[in-house]
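Each of the two complexes below includes subunit A, the first together with subunit B, the second together with subunit C.
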Partner chain A sequence: MSDAESPATTEPTDPTREHETDFDPVSVFDGDETMDLRPGADNCYKCSVCDTACPVAEVDDDFPGPKFQGPEQWRLKRKDGGEIDDSIMSCSNCMRCDDACPSGVPLSQMHNTARGEYVDEQMDKLSREYVRNRILANYGTLARLGSKVPRLTNLVMGNSLVQKINEKVLGIPSERDFPAFASQTFREWWHERGGANVENEDKRIAYFHGCYSNYNTPEVAKALVRVFESFGYEVVVPRQRCSGTPMFANGMLDDAERAAGVNVGEFSDLLEAGYDVVASCTSCSMSLRQEYPELFELSGIEEVAANTYEALEYLRIHEDVRGALDDASVDDQALAYHAPCHARNQGLDRQAVELFRDLDGVLIEDVGDSCSGISGTYGWKEEKYETSMKIGEEMFEHMRDATGEVGMTECPTCSMQMEHGTGYDIKHPLQLLEEALC
Partner chain B sequence: MSKRSRVLVIGGGSTGCGIARDLAMRGVDVTLVEKGNLTHGTTGRMHGLLHSGGRYAVSDQASAEECIQENRVLRRIASHCVEMTGGLFVQRPEDADEYFEQKLDGCRECGIPAEVLSAAEAREIEPYLAEDIERAIRVPDGAIDPFRLCVANAADAVEHGARVETHSEVTDVLVEDGEVVGVEVEHAAGSGKYVHGHPGETEKLYADYVVNATGAWAGQIGEMAGVEVAVRPSKGVMTIMNVRQVDTVINRCRPKGDADIVVPHETTCILGTTDEEVEDPEDYPEEGWEVDLMIDTLSELVPILDEARTIRSFWGVRPLYEPPEVGSEDPTDITRDFFLLDHDERDGLPGMASIVGGKLTTYRMMAEQISDHVCEKLGVDAECHTAEEPLPGSEDFSVLREWMDEFGLRSPIGKRSAQRLGSRTDEVLGEWDGPNPTVCECEAVTRAEINDAIDDAGSELNAVRLRTRASMGNCQGAFCCHRMANELSPEYDESVARKALDDLYQERWKGERHALWGEQLSQAMLKHLLHATTMNRDGDPAKTDDRVDFTAFDAGPDGGAAAGDGQQSEDAVADGGITDETNAGEGAADADS
Partner chain C sequence: MPIREDVLVVGGGIAGTTAALAAAETGAEVRLLSHKKSTLRQASGLIDVLGAVGGDGPIADPFEAIERLPDDHPYRVVGAESIHDGLRFFDDVAGDVYAGGHTDRNALVLTHGGTIKPTARYPESVAPGLASAAADTLLVGFAGLTDFDAPVAADHLAATGVPFEIDGVTVRFPIEFRDDARTTRLAKALDADEDRVRKRLTDAIDAAETDLDYDRVGFPAMLGDDHAAAVRDELADRLGAAVFEIPTGPPSLLGLQLEELLFDALDDAGVRISAGNPAVGYEAADGRLESVTVDRRGQAVPYHAAEVVLATGGLVGKGIDSDRESVTEPIFDCHVPHPSDRYAWSEDDAFGDHAFARFGVVPDDDLRPTDDAAEPHFENLRAAGGVLGGADVAREKSAAGVSLATGAYAGRRAGEEAT
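After this line comes the complex of A and B, so read on.
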């Protein structure tokens, strides 16, 4: 239980842990170019299916699309340090192209690498865009401060004058309501509760809650704990930092690598003690599973990637969740479910519908395979707001067409967008499981 | 148009174009004839190595010295055709130390800057070198684009008053009173500013002096004049990889052998080569084992090649020559030096000289010596300036980068364009009026550059390809052949564009055939399906002259329903099992807004 009893902070306390990056098995490469993207570029035969799957290209004719951003640009800019085209910043990192590619081109890895290079080498570090992106990318840090005085922060951030100032000074669109901070974070609750209620040497998970369910929606994190405990799991909540998703999307790879260093260090120790890693956010699980090993060389990173799961996915693998739901029922409700792009990439886009469609009291409808358009921090940028809302239009429309007036999704920022576009309340599947089983 | 000039040069390769430029700059009235387009022969089929001379530093030091000298000249006068990648001679454990030392000494004796690198240092520069290499010698090898080089020479020759005739095949050498007085050419289809004749038409071109610069074809021209030129054409295969596995020229440090060089060239790497004597420079077998040999052998130096994607292979024919009395058995023993055969001295036939042997790196020096010879014959007293005057496109190349943003191109596209166009960038991109989309995505060629090439080369898209690299990337023209043909309109009519498109497509296929496995097989299949099915190019009624029976098509799902409601079927939406018709109708209406 020692892990659960660690200090509440999610920031690294031991500075040496931050720099656990001396292990570099490909040190023969000069400079920072540790990732070999040659086979990736070779794999592309230019069929352009990725371009047709790209939600940004669909609404923005000036965006050249994933094929250009990935294999084409990579091949053209060899070598001579050619510049990365600035359109890379219009990629929302939804990663649908990865899923669309029939030929195994690591598109998002190529995009992440190109974006990192662009931000490092070409972006003005004093520009408003850089400062704003850095703040957005490090939402976890911002949230840690804000949630110390949640009511005050909510009051200030909800003020329309502040929102105007944010737009003018930082380029954060005033149309968006800043997500409210919970009066008690999940980790505070966890410690107040005294940690786990179940001990079990055979079934144990290490929970990667991420930032949002800690600071903003602790009810999701609490639901996870209660649901997993109801299935007899021992839960630990180790020290952790942001998964890195918003950092990748903003090309802040150094920030992401520092955070990954902490996370991989903490979680790989737990793997040895028999824990699996479980996340309640599909972008967090995606990050640990795919982006970590694609972008960083850290000791234990492959093991962490191979043993990370999304919560529902994990339960569906190991437990008879459907059987458990057969005898359960919830208050009558109709839900409009949206599968996040990152869930789709992990093959999880149908899990909530499959699980809940037979649950007594529930009418759940899938609102289709479009992207919500917010893509994490993307829709939080003034210059991307319109694109973000255009992409989301299809989802909004289908939500309105659906019977239910409550949305459901696994992804925190998709839920912000769903709420923003429809005014519906949005639920996480774990919350419904909690209602049914706990 | 004058049928008479002072000098007539046969062969539009690097040597011929170099001679035409040299003579024109000296004020000599010169005409160049070429049976295909420029670089049709050997120049267009080489691996693009700008020799430092290191490859000849042991076996042929005279050539080595010429190479390093001309290497420096070309970096200066043809900077937009050259990429100074540097080169390495890499020693593997099974390669003799003695030869390594000889190579190093040889380089130093020939004035070639050479530096020994440890295996670790070499792998620092080129991480994909095999882990077990011993060491390497670093030399100033580079990559050169033979097409751009040749075209720039021809353009400058024309600028200085020369006449250049492509698609004009020499069918006879005219001999009168025991002296060569000109040639007869037959014009083939073609268009553009280097084409003046009509297809099928023959024409006699007279000149005071004829230079046979046809390389591997010199024997055939010699035969027409009744002299024997014993060229020994030797074929070599080159295999092009999809991406650059190395950014430095990699040579194997051992005595002559097949498959011992990798040249990074633009977006690709070219593996070379073999050396095998052939009878006919235009008809020889192209065999799969030769390609396999390239990949297998060079994988010993650069193991990743074994799994890397190949986009095509091509063969070139070296115009090797040695005086008949030498009698080398093995073509690899034949000198790479060039020979000027004065047929007056040698065969008692005045009015003509043949130039054989030699290599691209020293093309300018060869041209200078031949031009000196020609001037002496004609009594012209003029100095050669080709070593000082930059070629068109290579003047003030350094100022380019500052303008790049103005053209509204995406960074890598602008950069590639500028690298190809050199100092002509501003003229070609800056003066283009109207939208400038990327026509060839693989090689980043825009509409402006394609049109500039069409202005220069005419309707022949293979010539446009050579000037721009369009269709030379990984899709091999799948996405751009037809877009290139489209750019021929409205200047050229539909039948010309269609023929040009077919020619380009076939030319691409010729090399693709030798890379049909793995990803490139998928690529070739996609290309075939796009062109044969989506565009119906294998059964296009416009091409087959069949009438189209439009009544055979049905009227679509709405079958003649009144217009206005028609778009409903286009807007089928996947909205989670809502099948209610009213909803679907509303969805469709909303989607249009």
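After this line comes the complex of A and C, so read on.
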């Protein structure tokens, strides 16, 4: 039995529902307790504004767009024998449609559930696409193995022959370079360091580092620790699994629920001890805050969702970061900042530029509101690679136009795409904060 | 101290952006909060000031008609000077992308429903299509785009007695897209002139059946994006007639253009913007607001400010909320007068004089929302735009003007008080 076994589901949270007489709840999957999406579908008045916000529809004329994937598909499959249209697999889960809808339709939730149903019931489990998606969705597991022998893994994955084989056998585009594994993971560093340097009963955070800053960019995770400690926070680094983002995006909801079970269990215990949950990756924070309570019913999930923050967001709420930066300076640098879609959806898309544009030594430019196009595992699929690069073109162009030749973003896969399209090094805002304050 | 500015504006429409610009002009530090992407992409892109009073219109000069409005109308509260102020902000922002600033009088614009709308400012792409110009007009619609039926619109316009001949034709868009193709996709095809689509479109119009020897041709507003002027020029050149756009419903490209103009202006003015989360409450002490609470995915985060402008819109924009029992202003719970009998809220006639259309907060003479005893709820809270009661902006065709005038006033006053 896995340590990630999910706890029993709880009863539906809204006890008033069953007393409503004019409400006809319809379950999404037969015989389960997934929340009812009918009110969401009914709220859509077909203004099509979501379609104009969709980066995939922007470049792919065959993609029907979020209005179809959400409310329309949901209605169509109410009919007997109604199947999910396979175009659901072309949705990149950027979630921009959520933010575009003036009527509160939970589009990304509808997409996630439809994709989950499609993968469960209609996708061939022996197909190359399924196997490849399962591998990509479980990147964290792959990384755990690979990072045990980082140099060897980097050598093998960087080999062009291996890349060709990956493309032919798995459908992973050979144009993309696998992100290198760090020689020491963040967690190894943390244990070697002896854990936290600061103890503080009043200010304490539980760090959700996610997979990427553990295995690939521990410098981001270390920056978080040092910055938060400089503000007097006690940091803990609990056991954790993937946030689930790549699993949602690939319709692997069972995998995601297992991972969520571990994360919710670990972090909800800490909430009781006065910790808040802080993430350095905006997709991780998005997942814990929005997708967890939308998709799963786990004990403590609402509390975890309601107490999760992105790192810079948390500091800006609780500390005088602006004041601290007033007296600080860094080596002269020009940065081309890209806001990840998932940061945008949490209302975080402007905070880095807002904070750093007054910092001595920094010239920071926002490269616009387009999507980077990679959307996690999406751009890692051979058949999506071209779409991914087409979506990214606007961002690449704006990055090249910007003064800076170093990129900045919060999202690991956006940073891969930014580097892939421009060759620039990419920084995380926490690293700049570390330079300024530590 | 955490998130704090001199002035916090709640709402990202025309009223909110105008208030933020007006506050910034006083030298105040300003933050604008917007729940979602701006709803301006639902808007026509026209800037109406006043087109009718009590159902009588069209009005030629909005400024002359103001005194005929009821006493509690927002225009009567802030006065004509504030309307001019608001238009000045708008003209600065819009530059030569908009026309109409040369006069106080209304222009008459053709709508996609085949009616004529009095408006104060209009995109320059709309300008060649004004109803006051005696130029014979061909309207062109696209098969499959059900929002605009050119022959029907032309018939309607002819029936209104426009001073020119008018006809409408429907053509197939030269490139075949999905049946439910987005208007932005058509615009992009024209923008990039994919597969010589501009020429092929004019060929299709030349081949369409009309007896009219037209001077100008009107299209639904989707003629390009980044290269819109070049698209119009080429179409005009090939057709041998002037080309203009007709504002559309959502998703409205002219509304999108307006949104970009306003948000670029906010950036230029140094206004901080937080979009993506709703304001849900407040903290106050001694009759003054200390902060507005923003729900960031479950966390209640206070945004501190010395002065606050409420610009969250009316019933449609969700700045005013209603259920079967009552009508409320959901963030600050400001007083919204309404009949206790729900059936008195509306008339049977769909286009009638509905009470609900005028629901909103009641301002004092400094635009501060007042309670049922006519006292301001908070010393440092002002309201602007659709959240204000007393105007039936749909019937009066005054939505943008009310937002500009009250936004300019509330923003300036907030900035003055805060600095």
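FYI, the second predicted complex is superposed on the first by the 404 of 438 C-alpha atoms of A that agree within 3 Å, B and C clash if a C-alpha of one lies under 4 Å from a C-alpha of the other, contacts with A are read in each partner's own complex, and residues count from 1 in each chain.
As a working rule, a contact is a pair of C-beta atoms (placed from the backbone, for glycine too) under 8 Å apart; a residue touches a chain by one contact, two chains touch by 3 or more.
As the structure is a prediction and not an experimental result, all values here were calculated from the model.
*Asks:* When the two structures are laid over each other on subunit A, do subunit B and subunit C clash or fit?
*Replies:* clash
*Asks:* Once the structures are superposed on A, label A:Cys101 by its partner contacts, choosing first (subunit B), second (subunit C), both or neither.
*Replies:* second
*Asks:* Between subunit B and subunit C, whom does A:Glu354 touch in the aligned arrangement: first, second, both, or neither?
*Replies:* The answer is second: A:Glu354 touches subunit C but not subunit B.
*Asks:* Pick one for A:Cys47: touches subunit B only (first), subunit C only (second), both, or neither.
*Replies:* Both partners, subunit B and subunit C.
*Asks:* Does subunit B (first) or subunit C (second) touch A:Asn307, or do both, or does neither?
*Replies:* second
*Asks:* Now for A:Pro64: first (subunit B), second (subunit C), both, or neither, which partner does it touch?
*Replies:* After superposition on chain A, A:Pro64 lies in contact with both partners, subunit B and subunit C.
*Asks:* Looking at A:Arg38, would you say it contacts subunit B, subunit C, both, or neither? Reply first, second, both or neither.
*Replies:* A:Arg38: touches subunit B, not subunit C.
*Asks:* Touching A:Gln73, do we find subunit B (first), subunit C (second), both, or neither?
*Replies:* So A:Gln73 only meets subunit B here.
*Asks:* Would you check which partner chain A:Gln346 touches, where first means subunit B only, second means subunit C only, and both and neither mean what they say?
*Replies:* Touch partner of A:Gln346: subunit C, not subunit B.
*Asks:* Which region of subunit C runs into subunit B, 21-29, 93-101, 129-137 or 345-353, after the two models are superposed?
*Replies:* Stretch clashing with the third chain: 129-137.
*Asks:* Where on subunit A do the contacts with subunit B and the contacts with subunit C coincide?
*Replies:* Residues common to the subunit A contacts of subunit C and of subunit B are 47, 64, 68, listed in rising order.
*Asks:* Which subunit A residues qualify as touching subunit C in the complex?
*Replies:* Contacts found on subunit A: 47-49, 51-53, 57-58, 61-62, 64-65, 68, 99-102, 289-290, 302, 305-309, 313, 316-320, 323, 344-350, 354.
*Asks:* If we count contacts the way the header does, which residues on subunit A are in touch with subunit B in the complex?
*Replies:* It comes out as residues 26, 28-30, 38-39, 41-47, 64, 67-68, 72-73, 75-80, 82-87, 103, 336-337, 365-369, 394, 397-398, 401-402.
*Asks:* Could you list, by residue number, the parts of subunit B that touch subunit A in their complex?
*Replies:* 123-125, 127, 242-245, 247, 267, 304, 307-309, 410-413, 415-416, 441-444, 473-475, 478-479, 519-520, 522-523, 526, 573-578, 583, 586-587, 590-591
*Asks:* What part of subunit C is in contact with subunit A in the complex they form?
*Replies:* 1-3, 36-37, 39, 41-42, 177-178, 180-185, 249-251, 256, 272-277, 296-299, 301
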